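Each of the next two complexes has chain A plus one more chain, namely chain B in the first and chain C in the second.
For the complex of A and B:
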């Protein structure tokens, strides 16, 4: 099992699209946070995380989502999470999002255009 | 003609500072000046090397990927191990912190010089002895530091163990057992079981703080203490003891109070942590239930936790699915309260994902399926069942490193026959 997370960044219609490959776990959580921080400092306003090739995402991964949402700032949780959308999570990642109750706070899409259009 | 600069640089270097002038001149004949720019890596750990270096100006980092071992500056010597021993590879990487100029000594030229000038060998031996002395000092210092840290961690482990209940409630007709196996010295998982004073209900709690190690352990103490404090605070006890508003229906009052108790405990804990510790983004999945031992009625809130299961010999019954999100993350979160019933011969198991996600060396997980299958096959008291699950987990992982904390809480209704009293509308 690969233990590194590859992050490819593309700019599409003013939105930073991060294509993740590998597990988002306690070992790779920081990599994702640092990349997001770098992009936000560089002026990124909105972010789509493409999880199509994410093999595993547990509580550490969801913690990273909360930290990234917090980087955007905002008065409340929904304002912060409004800047981050998820694309193509596996059934298992969807289950984790639902179990931990993140599904009410972060939008999940199957289509990139829809995700970008939702900002 | 050798430049005066190089002679002077060699004379000042740790390699030749006590060598006679004649030796310095000989060495000066075989060195080459080279330079690396700030940020440039001279060599990587594991590479074969044929040269050693003396820094004449600048500063380099000695490192193993992102772990910095030390910094070296003017007059320092490095790379002598791989240069002197033929099959040795570089034991660390060297990267310039500033623009750096170096004097380079190639192995072949050096050995050739040594064969002619024993004083050069003396100088090298001197450097190696210095290096060894420094390493021994460093290892000793680190060993003391490690021992101090280990003692601190051991104190932390003991104190944290005090945050788990020393004994579990014992009541006729009920059998409760629990186990927590930490992945590291301290854990982010926790469990609790205690009687609510003057109420009679038994609080059951299992939680899993995200992450593991010291950070998760500190938050574990906070989550566990807030939940316990809100359930047994003096105000709550007074309120529980206060006159029932509807003395004709004590059952209903007990139900309402239990409802309120649960709701208070989770909401206050959630809001407190989400508001006061939001910078840390730490959260816990948590299952909190009140069990009425007289009736087997169970009221619960599941905050983003793996669904506990009620089971008996004939199979898995109700799963107690999440009724709200994890605690400590979303200050505006709302939590539903659900009911279940533990009938005679029924058991409830609450577990953390450290059980289901325990992996063997092939990265295969123990899985919820295996756990649930096992539950219906083992007819044991609560303690026996907990032990059996732990044994099966150990067999399954076959010594692969434990990745996450493992926690199990089992509550078994051991009443004989029918417990037909009704409670809390169940």
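For the complex of A and C:
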């Protein structure tokens, strides 16, 4: 279980796909936020976060999602979260999303094409 | 199976992965099922993060994490020497209104409360803080 987070970025059909590997905790939260900020400043309009290889995600990871959604702007939280989709979270991450009510705001997919098609 | 497990580590955010590994291996060695192991890892990660960020305020220090069984309950005790920090004194989180804020807070404590059955705080005679987390009915009867 590594303590660092690796983030690989690809552009697919105009969407930024971030493939995360490692934990998203209070130690790595900023790494994710900074990468998202860099992409949004570079013109990214929509983002898929592939969580397949995320070993752990707690409240710090969800705060990062909230902050990234806020970077996109929008009249309300639903409009902001519309720019971010999640792919392949583990059952543990899904439970955390549900416990903190994020499942009401952010869409979760098991298929990349479906996630991209949902924007 | 059995026996108390103890880890003492410096308080630094890059030590969180080590703490999570310790909780995972200790709980598994006591026979705890995987769903409950995940809950315990989550609760301890959030509690130690709070100790680092709100207790020590990122200043140097240490935290002791001890894990033991009490019957079928699993008991986690976190002891540190930070200035007094009682997470139990914080009001319950209103999730929807918090999520509508630009800078939401209180997520960590909410997760701890959902992941374990009981959370209690006391100031030991020697000073510092002691936080106890209890998860019931997760250790197989011997």
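Convention: the second predicted complex is superposed on the first by the 119 of 119 C-alpha atoms of A that agree within 3 Å, B and C clash if a C-alpha of one lies under 4 Å from a C-alpha of the other, contacts with A are read in each partner's own complex, and residues count from 1 in each chain.
Here is the rule we go by: contacts are C-beta pairs under 8 Å (C-beta built on N, C-alpha and C of every residue); 3 or more make two chains touch, one makes a residue touch a chain.
If you're wondering where the values come from, they're calculated on a predicted model, not measured in any experiment.
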Clash or fit, chain B versus chain C on superposed chain A: clash
Touching partner for A:101 - first (chain B), second (chain C), both, neither: both
First (chain B), second (chain C), both or neither touched by A:70: both
Chain B or chain C, by number of chain A residues touched: C
Chain B versus chain C as contact partner of A:92, first or second or both or neither: second
Partner chain in contact with A:27 - chain B first, chain C second, else both or neither: second
First, second, both or neither for A:3, with chain B first and chain C second: second
Which of chain B and chain C A:59 touches, first, second, both or neither: both
Chain C clash site on chain B (candidates 145-153, 289-297 or 325-333): 325-333
Footprint overlap on chain A, where chain B in one structure and chain C in the other make contact: 1, 26, 58-60, 62-63, 66, 70, 76-77, 99-102, 104-105
Parts of chain A lying in touch with chain B, wherever the complex brings them together: 1, 26, 58-60, 62-63, 66-67, 70, 76-77, 98-102, 104-105
Parts of chain B lying in touch with chain A, wherever the complex brings them together: 208, 210-212, 278-279, 281-283, 285, 303-307, 322, 324-326, 329-333, 353, 357, 363
In the complex with chain A, residue positions of chain C that touch it: 13-18, 20-21, 38, 41-42, 45-46, 49, 52-53, 95-96, 99-100, 102, 104, 107-108, 110-111, 114
Chain C contact footprint on chain A (complex, rising order): 1-3, 23, 25-27, 56, 58-60, 62-63, 66, 70, 76-77, 92, 95-96, 99-102, 104-105
